[in-house]
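In what comes next, subunit A is part of two complexes: it sits with subunit B in the first one and with subunit C in the second one.
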Partner chain A sequence: MRHLRFWFPVLALAVPLLLLVFLSGQFASAGVQRLVTEALIRLVFAVGLYIFVGNSGVVSFGHMAFAAIAAYATAWQTCCQMLKPITMSGLPAFLRDNTFPLLPAAITSVALAGLVAFLSGLILMRLSALGASISSLALLFILNVVYSNWESVTMGTSTIVGLPIYAKPWIVLGCAIAAIVIAYLFQVSRWGLALRATREDEVAAAACGISLYWTRLFAFTVSGLVAGLGGVLLAHFMGTVSITSFYLSLTFLIVAMLVVGGMRSLAGAVVGVTVISLVIDILRRAEAGLSIGSMQLSMPPGTQELILAGIMLLILIFRKDGIMGGREFQWRTLPDRGLSQGESSIGNQRAARSEFVSLEEPTAKRS
Partner chain B sequence: MANFFQVLIDAVALGSLYALVALSIGLVFGVMRLINFAQADYVTIGAYSLVVPTASITPSLLFGALPTGLMIAAVVITVTLLALLTERIAFRPLRNSNPTTLLIASFAVSYFLQSLVMLLHGGRPKAVSIGGSLTRAVEFAGIRIPGVQLLTMGVAITLLLALVFFLKRTPIGIQLRAAAEDFQMARLLGVPANRVIAIAFSISGLLGGAISLLYVIQTGTLDIRMGMMPVVYGFFATVIGGMGSLPGAVLGGFIVGIVSVLLQTYLPVDLRAFRDAGVFGLVILILLVRPQGLIVTSAAKERV
Partner chain C sequence: MEKLPHQTLEAKDIHVVFGGLRALNGVNLTLSRGGILGLIGPNGAGKTTMVNVLSGFQRPNQGRVSLDGVDVSTLSPRKIAQAGIGRSFQSARLFRDMTVEENLTVAGLGIGLSKAAATEQARDILDWISYRNGYDRRCEALSYSDERRISIARALALQPSFALLDEPASGMNDRECEQLMEIIVNIPRRFGCGVMLIEHNMQVIMGVCERIHVLDGGKSLAEGTPEHVKKDPAVLRAYLGDKARANAVI
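What follows is the complex of A and B.
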């Protein structure tokens, strides 16, 4: 029972996903299965980003850089043995002349993404929250410039084709659930709780002896690892890797998913991915053309982003904490005790704090 | 030696341009704690307002067809109104939110405007030519300087000086600086919040319009992401200079511009494509030494 209560927030997310994949595998068309797989890969990205952004309250625009690093790393190891010496002549000999098995390739790629996240985090996490956000954008630009111009190793802006396609629904589902479990275990660990404390109040947390730097750096690394996992999956789902697919549009999409679902809870990340994936699918159909009776309607390109950005703004203005409002799916039949206590005590603290703020409001308000 | 002067002039021209961008970002950041991504789209929309919205890649001119003075006025007014509109619709309801929420909101506004441009004008880059006579080079003491560089430098430095004068000498400018320093204190002393914020946005719109014109004269192309790069450089300029510090923003702008030109000139040809990465890398190195930026204001540290 204790275990059930501890794992309930994960189960409440994983079981519906499991059912979704099972049902779509049984009854749905190949097109729908593809959509589900794509959404699950985005889920890995969103949960990866959530591990850092949700717990620390610092936005990162740089996570697609880690995804790109892992995607390219797995492409170097598993792709096109015949063509590699010609198209990617600048690769080190052991990569250029060998093809590696898929699993070790995936693991090393994810580890590389984590390593880069750790190294860049060493610098970025020294900055203030806003400075770190802006500089994480610098990270994305640096990677984009380097990979777009490093012709002999990354083929520049051209697409690497011919990766083995193994990211089938069940494998992606496994990875998505793994990402959710990692995120959950992190957020209930002492590191996660410490980081959430810094999110609520940097100064008070520091006064309690929490190191802003190390807690953020730890989360940034874990989150980079998961983003790398997403990158590997995306590469082996599409069978192609191109640097342009890991840039601002994907960043925007994932951030929008977090905002809409609510970036303060894991359930928010998952709900956000679900909702936005549905909206995107509807819009994509509408962009392709919609026939009502004899009328043929189709929306011009750009509408999809316009509507997504609009939804995101409305959520920010009218429901700042997103659909889930920062809550997890909790096991409610028993009084809150034991392991979930840490979580609820932070909630109480926040309530107390916001009361305090509201007393101060007349002077604090900026309107 | 002549070559050195050319490089120097390039560096100052680009530096002053980035200083303008950084200042427009810094002003809004100062009064609202908002890092405005949409600044990029003010520049883009300013440039696109020169042409008639069609999907064609060589569109006919809209504001671009007006006489120079009117054209400048029309573009600047369009962008200023746009800036005020975004403030009123998107940012005012969020004024009490934390900086992170504001940052995300401006990211969304930026994406919204960008898709709007794409919707109206199509996604492909376009060619447009205004101010053709300015692209001729001017010979001066043995150095050939492209007219555009002179114009950019002249306009940017004039605007910069005018802005400094405005901020230092006029009552509204002083209120603005006070608000950027400590918004609450300024309000307690009777500075009207809505007005200073509106003025900060108008200035950022005005500068956005000017930058978009200079940019179009220089490149002759329109692209839906054209505002992105200068504004991102502007962000880093404000971060280097110290967030919330207006002199810091200008200083940061010059540093970024000068470094960019120096790398462009002195990097080996093979590595030149990586220039932007070099500039961003350098930004991060500066931050490593001074995480708070070069000029630290009292606003940088959260008060308890």
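What follows is the complex of A and C.
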């Protein structure tokens, strides 16, 4: 029972995903299965980003850089042995002339993403929260510029084709569940607890002996590893790699998913991906056009982005902690959040009154 | 730096200047392990600045803070916390979206305990302060007096040699103050540490402190037993002014 209680927040997320993949495999069309797989890859990205952003409170816009690094690394190792000497002649000989097995290629690619996250984190995590956020965006720009112009190695803005396509629904589901487990184990670990303390109050955390720098750096590295896993999956889902796939649109989509679901909980990340993926699919179909009898109705192009922005704004205005409100699915029944807030408010009122009395005491003694 | 045991925390000739304001002007202060020292003074006397200096959040412009003779003035707040100086804050500063137990566990992690040991220690301390509203209650849902008590408990979870408590009784009613006094009086015996207490509430200060250090305008005004300080003319003048001091009692 103790284990079940401990793992319940993970099970509550993993079991519905498992059912979704099973049911779509049994009853849905290939198109729907593809949508589910795509959503699960986004889930890996969102959970990867959550590990750092959710626990530290520092928004990172640079995680797609780690995804791109891993995607290109797996492409260099697994694609088109015949074409590589021509299209990517600048690659080191061992990469240019060989093709590596898929699993070792995936592992080394993810490890490379983690290494780059660690190295960049050594600098970024020394900055304040806002500084780190802006610098992470700069990191994404730098990587984009470098990869877009490194023709002999990345093919510039052209697309690398011919990657083995193995990111099928069950494999991607396995990776998504692995990402959820990693994120959960991190957040309940001593590192996760310490990092959440820095998120709540940096000064008080320092007074408790917690290192802001090392806790953030550790989370940033783990987060980069999971983002790298997402990059590998996307590469082997599409069968192609292009630097434009790992840039601002995907970055903001994943951030939007976290905002909508709630950045401060793992459940929020998963719920956000689910909701936004569903909305995207509905809007995509609406943009493509619906036939009602003899009428052909379609929404103007760009409606999808507008509605997504609208949803994000509404969430930020009316429910800034997202749909999940920063809570996980727990084994016990609903928490007494409403009651607690009421009590807190009463406590604060009393505090304000009492503080006034206390501050007045020295003066009172004068009379 | 080795954490335990430290016998004395000493501040020598501390000067802190904020722009044109001299917040502390040559303050000397010694805190012994096992003792309770009260730090009092009118608003703006420099009490919180002194706590910030001792806990590493404010680097003095001149002077040094030492633990058993070892200079810690240049250490970061984190290192000082690990070295054995725990503190609470005027505004509690709890980790509001975390549970009561987690708040104390974080402090245990900060001094290198395993998570299990830190959690066990957190529960021990919560039991000791007679907190009975649930280990897993979120701090945003706490009453004000519980916030103050948890703030003290978190400082104690650092297993400090010296605990610096910044206005722990502010906002408490008489009954809560009495409970708090009982806790503070027993801290040295239970945790083997020295306590420095900043407080405006004279009932609390006189009730628990063995010695009192009075600051005014950034300068040390007096130090001694509560009885001695109560009668000190300079202290009466600072608190009550020249005209009223003849008939006054703090």
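Heads up, the rule we're going with is that the second predicted complex is superposed on the first by the 331 of 367 C-alpha atoms of A that agree within 3 Å, B and C clash if a C-alpha of one lies under 4 Å from a C-alpha of the other, contacts with A are read in each partner's own complex, and residues count from 1 in each chain.
Convention: a residue touches a chain if its C-beta (ideal position, glycine included) is under 8 Å from a C-beta of that chain, and two chains touch if they have at least 3 such contacts.
Because the structure is a prediction, the values reported are computed rather than measured.
Novice: So, does A:G31 touch the first partner subunit B, the second partner subunit C, both, or neither?
Specialist: The answer is neither, since A:G31 touches no partner chain.
Novice: Which partner, subunit B or subunit C, is in contact with more residues of subunit A?
Specialist: Of subunit B and subunit C, B contacts more residues of subunit A.
Novice: For A:V203, using the defined touch cut-off, is the partner it touches subunit B, subunit C, both, or neither? Pick first, second, both or neither.
Specialist: Touch partners of A:V203: subunit B and subunit C.
Novice: Check the residue A:R126 against both partner chains and state whether it touches subunit B (first), subunit C (second), both, or neither.
Specialist: first
Novice: Looking at the overlay, what does A:F252 touch: subunit B (first), subunit C (second), both, or neither?
Specialist: first
Novice: Return first, second, both or neither, reflecting whether A:P101 touches subunit B, subunit C, both chains, or no partner chain.
Specialist: neither
Novice: Return first, second, both or neither, reflecting whether A:L193 touches subunit B, subunit C, both chains, or no partner chain.
Specialist: Only subunit C is touched by A:L193; subunit B is not.
Novice: Quick check on the superposed pair: does A:P92 touch subunit B, subunit C, both, or neither? Answer first, second, both or neither.
Specialist: neither
Novice: Considering only touches as defined above, state whether A:A138 meets subunit B (first), subunit C (second), both or neither.
Specialist: In the superposition, A:A138 touches subunit B alone.
Novice: Return the residues of subunit A at which the contacts from subunit B and from subunit C coincide.
Specialist: 203, 365-366
Novice: Per the contact definition, I'd like the list of subunit A residues that touch subunit B in the complex.
Specialist: 57-59, 61, 123-124, 126-131, 133-135, 137-139, 141-142, 145-146, 149, 202-203, 252, 255-256, 259, 300-306, 308-310, 312-313, 316-317, 320, 363-367
Novice: Which of the residues in subunit A end up touching subunit C in this complex?
Specialist: 189-190, 193-194, 196-197, 200-201, 203-211, 264, 326, 336, 339-341, 343-344, 346-348, 350-351, 354-355, 358-359, 361-362, 365-366
Novice: Taking the touch rule as given, give the residues of subunit B at its contact with subunit A in the complex, in rising order.
Specialist: 32, 35, 90, 92-101, 103-105, 107-109, 111-112, 114-116, 118-119, 123, 183-184, 187-188, 193-194, 232, 235-236, 239, 243, 273-277, 280-281, 283-284, 287-288, 291-293, 300, 302, 304
Novice: Under the stated contact criterion, what part of subunit C meets subunit A in this complex?
Specialist: Interface residues on subunit C, with respect to subunit A: 42-43, 55, 57, 76-78, 81-82, 86-87, 89, 93-98, 102-103, 105-107, 109-111, 114-115, 118, 137-138, 140-144, 146-147, 154-155, 157-158, 167, 169-173, 200-202, 239-241, 244, 248, 250.
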